[in-house]
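Here chain A shows up in two complexes: once beside chain B, once beside chain C.
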Partner chain A sequence: MRAAAGYVWGDSPLHRTPASAKLAALLALSLAVALAEGPALAAALLVLLALVALSRVGWRRALAPVWGMRWFLLLVVAMNALLLSREGALLELGPLALTPRGLAQGLTVATRVALVAALGALLTATTRPQELVEGVRRLLSPLARLGVPVEPAALAVGVTVQFVPTLLRESRQLIWAQRLRCGDVASRGIMRRAVSYVRLLVPIFVSAFRRADELSAAMEARGYRLSDTPTGPRTREGRRA
Partner chain B sequence: MGEKIVEARGVSHAYVTGRPTLRDVSLDVAGGELVAVVGENGSGKTTLARHLNALIALQAGSLTVAGLDASDPACVWELRRACGMVFQNPENQFVSSVVAEDVAFGPRNFGASEEDAAGAAGRALEAVGLAGFERRDVHGLSGGQQQRVALAGVLACGPRLVVLDEATSMIDPRGRDELARAVEDARREHGTTVVWITHDMEIAGRADRVVVMSGGEVVAVGAPGDVLADEALLGRAGLEPPLATRTWRALERAGAVSGPAPVTVEGLVSALCD
Partner chain C sequence: MSQVKRIVVAAVCAALGIVLPMAFHAIPNAGAVWLPMHIPVMICGLVAGPVSGAVTGLLAPVLSSLLTGMPATGMLPQMAVELVVYGLVSGALSEHVRTGATSRDLYVSLVGAMLAGRAVRGVASALIFSPGAYTLEAWVTTSFVTSITGIVLQLAVVVPIVVSLERAGLVPPRYPQQ
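And now, the complex of A and B:
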């Protein structure tokens, strides 16, 4: 059964692991992946596969974010492969040169991005949003002594995670709207596809900002405040009295 | 009706563009009243609603809500506790995807302990007919249920006034009826005062009083039977009478009925049966 923000109900060892431990592990693994190359990257891939098996959330669910990013990942590979250098080129097309080094670099970067995305998805699939907020709070709590606003940071993480399904649904609706007006995102040709996705960014961002504005008003209306004094009323849109 | 919960005198407001959105608005709302505010888009309804919760600062005029001066920054905190607000889009109001967590957000902000906040959330969910929904995912609920969760989040703070800002415009008729019932229950059980900003003339027809806004001004205030049956007035404000009134007028033109037009379906049925 699927629930909030991509959480998949379950009782696997990964589900039972405290959120703060999973968050710390995600940070450590992401850092390791960012630095890994060659065999180390292959080992990280094996770790991910083992974690997916351990989580019992299903391969399809766990790897869905990577599939969703496939065109972006392809673009990363293509740009690296064609633009990195001209040394030892296998093929030259004007200013573009396909090189083995560029291809290897592209595949490395794309694998890193895919691994981090899959690890993040695994975290949200095995951690309830509220546990995630609690995990961030616990992980950051030592920083509170240094004046770091731990509570707002934890709340921001929770709100962001719970808005993900809403924004994804809205993005799908925008893609359908574009398709209906002959601006098919799924049309053939990488360039046309890329342009279509760029066109989608503006309405997605506008919508996200509008939602954020409404949410902030709703939070203020329910007494939310960042400091000891409540946020004052706005003189106009956005400005405080 | 009891003491005045809202007392607005000459409230005016303009956004950055300079175009005035409220012009010299004066309005009283008595304790326990249900006041519907109607008007076309851009008539100033939402701006007025946001003044009541101190989300927008007073630029001109005076406004007291539950005896608290909206122009005094020191009163903002208490004013937001006294006046809760339910917004248009239920999904944009939730801070947690777990129902009980979201409903307890307000009480926690107003200083309740975890235990007290959870208790207030449980009672508020029961009041809106959602007992047993505590651990549910808000995204898995219907629009009507989501708005009732939002209402519960407001009621959990124990407000004296609840403002609903076009809270039914994004939900289906069944959800609208569920929300209307929950609001009515809150009024009956706690004497909560309600200001309902709406385009829905059926809801306005059930209010104690109706306020008509146009171009940032209050152009009429009165009983639903007087205001909503006045086609000329509503036409000038860019509005249409409720379905019951339009049906009555059509029957009147056909010579089938005569007399004052009803503004609710129940009133229409009653008038036709008489």
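And now, the complex of A and C:
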């Protein structure tokens, strides 16, 4: 299981930047990276390296998501390099043809994906979940005039980000408990490993919904209210549950 | 179910939509084959309604892409559209389908959502994301051939999980008098 991104304590200039500014910058940079090619992509890479140095979260932590995606990125490069075209092929193997154009295209796509993943990880490493919620709320606040429910949106983002490490820890505990009962599933075939994960789904969901129940009860007990628009499932008589 | 609980359930399901793929990625190519992110989105729609389902369908892929790098940026828009439709349609059908049996209601809603999500993804890919380059064969392959294991998994686990949640008293029962 890959490590989840999380906050890294620090007092760097990036830590002190408001979350809304970092979120807006992430969106702008992601868009720029998606459109960039050649020298512009190299410039984006330099910007990322400068931001990592500025954040002082450590190279290993900042680039962990890219390392986690290494096989996927290699696959992207390989598929583009071998399947894009046959024009000017350096090497041909049946239906596969290694071309400089395909290789360049694969490297461009993989670099874009890696850059966006690293930028996202840098945001979560330098921003506390509460600050992230506040940032989302501020960023979305102009949309409130158009009737967009900003408060529930910010609450949903905040609860999601806060629950990821908790649910990850609980899932790991359930996997360890299963290993103790049934042996190490990782050493078995892919199918048996997958079936062992599927068996864990019911306890994982029950545990997560129990936490949701407790959290919503605690919030309501403390007087947290939103506009009460009924959208849940109806009972047989047509009443909302 | 109160509005606060609906939002918390949507957020917790979105968190599961991030955590489950991380667990399944221990298996090669699991994301495209087992479709672990689809399960919490559909469950959220079935138990908390169309708005919560759509919120989970949007938050799960976007935040997962941000926190773990998966799905990759190029795949994100198509996946988000598909998942939003799953959440929306499973919730809308769950609200309106009343056959008198919980499991039957849930299966009708689930299958309807699975078909609608794939159809909308195909149309969106053909018209918006890959205009001119997306074929019917590609749609059938990605929607029904590569993901057949994920389809079987969803049919096998989603309804039993919802029934387990009802029995545990964590979501309101569809037919309280039974």
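In this section, the second predicted complex is superposed on the first by the 158 of 241 C-alpha atoms of A that agree within 3 Å, B and C clash if a C-alpha of one lies under 4 Å from a C-alpha of the other, contacts with A are read in each partner's own complex, and residues count from 1 in each chain.
Please note the rule applied: contacts are C-beta pairs under 8 Å (C-beta built on N, C-alpha and C of every residue); 3 or more make two chains touch, one makes a residue touch a chain.
Not measured: the values here are computed from a predicted model.
Trainee: Touching A:16, do we find chain B (first), chain C (second), both, or neither?
Mentor: Neither partner.
Trainee: Spot which of chain B and chain C makes contact with more residues of chain A, would you?
Mentor: For chain A, the partner with the higher number of touched residues is C.
Trainee: Just chain B (first), just chain C (second), both, or neither: which does A:72 touch?
Mentor: second
Trainee: Taking the superposition on A as described, I'd like to know which of chain B and chain C A:211 touches: first, second, both or neither.
Mentor: A:211: touches chain B and chain C.
Trainee: By the touch definition at the top of the document, which applies to A:181: first (chain B), second (chain C), both, or neither?
Mentor: A:181 sits against neither chain B nor chain C.
Trainee: Once chain A of both complexes is superposed, is A:152 in touch with chain B (first), chain C (second), both, or neither?
Mentor: second
Trainee: Looking at the overlay, does A:130 come into contact with chain B only (first), chain C only (second), both, or neither?
Mentor: After superposition on chain A, A:130 lies in contact with chain B alone.
Trainee: Classify the contacts of A:220 with the two partner chains as first (chain B alone), second (chain C alone), both, or neither.
Mentor: Both partners.
Trainee: Quick check on the superposed pair: does A:109 touch chain B, chain C, both, or neither? Answer first, second, both or neither.
Mentor: second
Trainee: I'd like to check the shared interface: which positions of chain A are touched by both chain B and chain C across the two complexes?
Mentor: Residues 4-5, 155, 158-159, 161, 166, 211, 215, 219-220, 224-225, 229, 231-236, 241 of chain A touch both chain B and chain C.
Trainee: Touching residues of chain B toward chain A in the complex: what are they?
Mentor: The touching residues are 15-16, 50, 53-59, 70, 73, 76-77, 80-81, 84-85, 87-89, 91-98, 101, 105-106, 109-110, 137-140, 153-154, 157.
Trainee: Please give the residue numbers of chain A that touch chain C in the complex, ascending.
Mentor: Going by the criterion above, the answer is residues 1-2, 4-5, 26, 30, 34, 65-66, 68-69, 72, 76, 109, 112-114, 116-117, 120-121, 123-124, 152-153, 155-161, 163-164, 166-168, 171, 175, 186, 190, 193-194, 197-198, 201-202, 204-206, 208-213, 215-216, 219-220, 224-229, 231-236, 241.
Trainee: For a test of understanding, state which residues of chain A touch chain B in their complex under the given definition.
Mentor: Touching chain B from chain A are residues 3-5, 128-130, 133, 155, 158-159, 161-162, 165-166, 211, 214-215, 217-225, 229-237, 240-241.
Trainee: Okay, in this complex, where on chain C does chain A touch?
Mentor: 1-16, 18-20, 22-28, 30, 34, 39-40, 43, 46-52, 55, 59, 63, 65-70, 72-74, 91, 94-95, 98, 100, 153, 156-157, 160-161, 164-165, 168, 170-177
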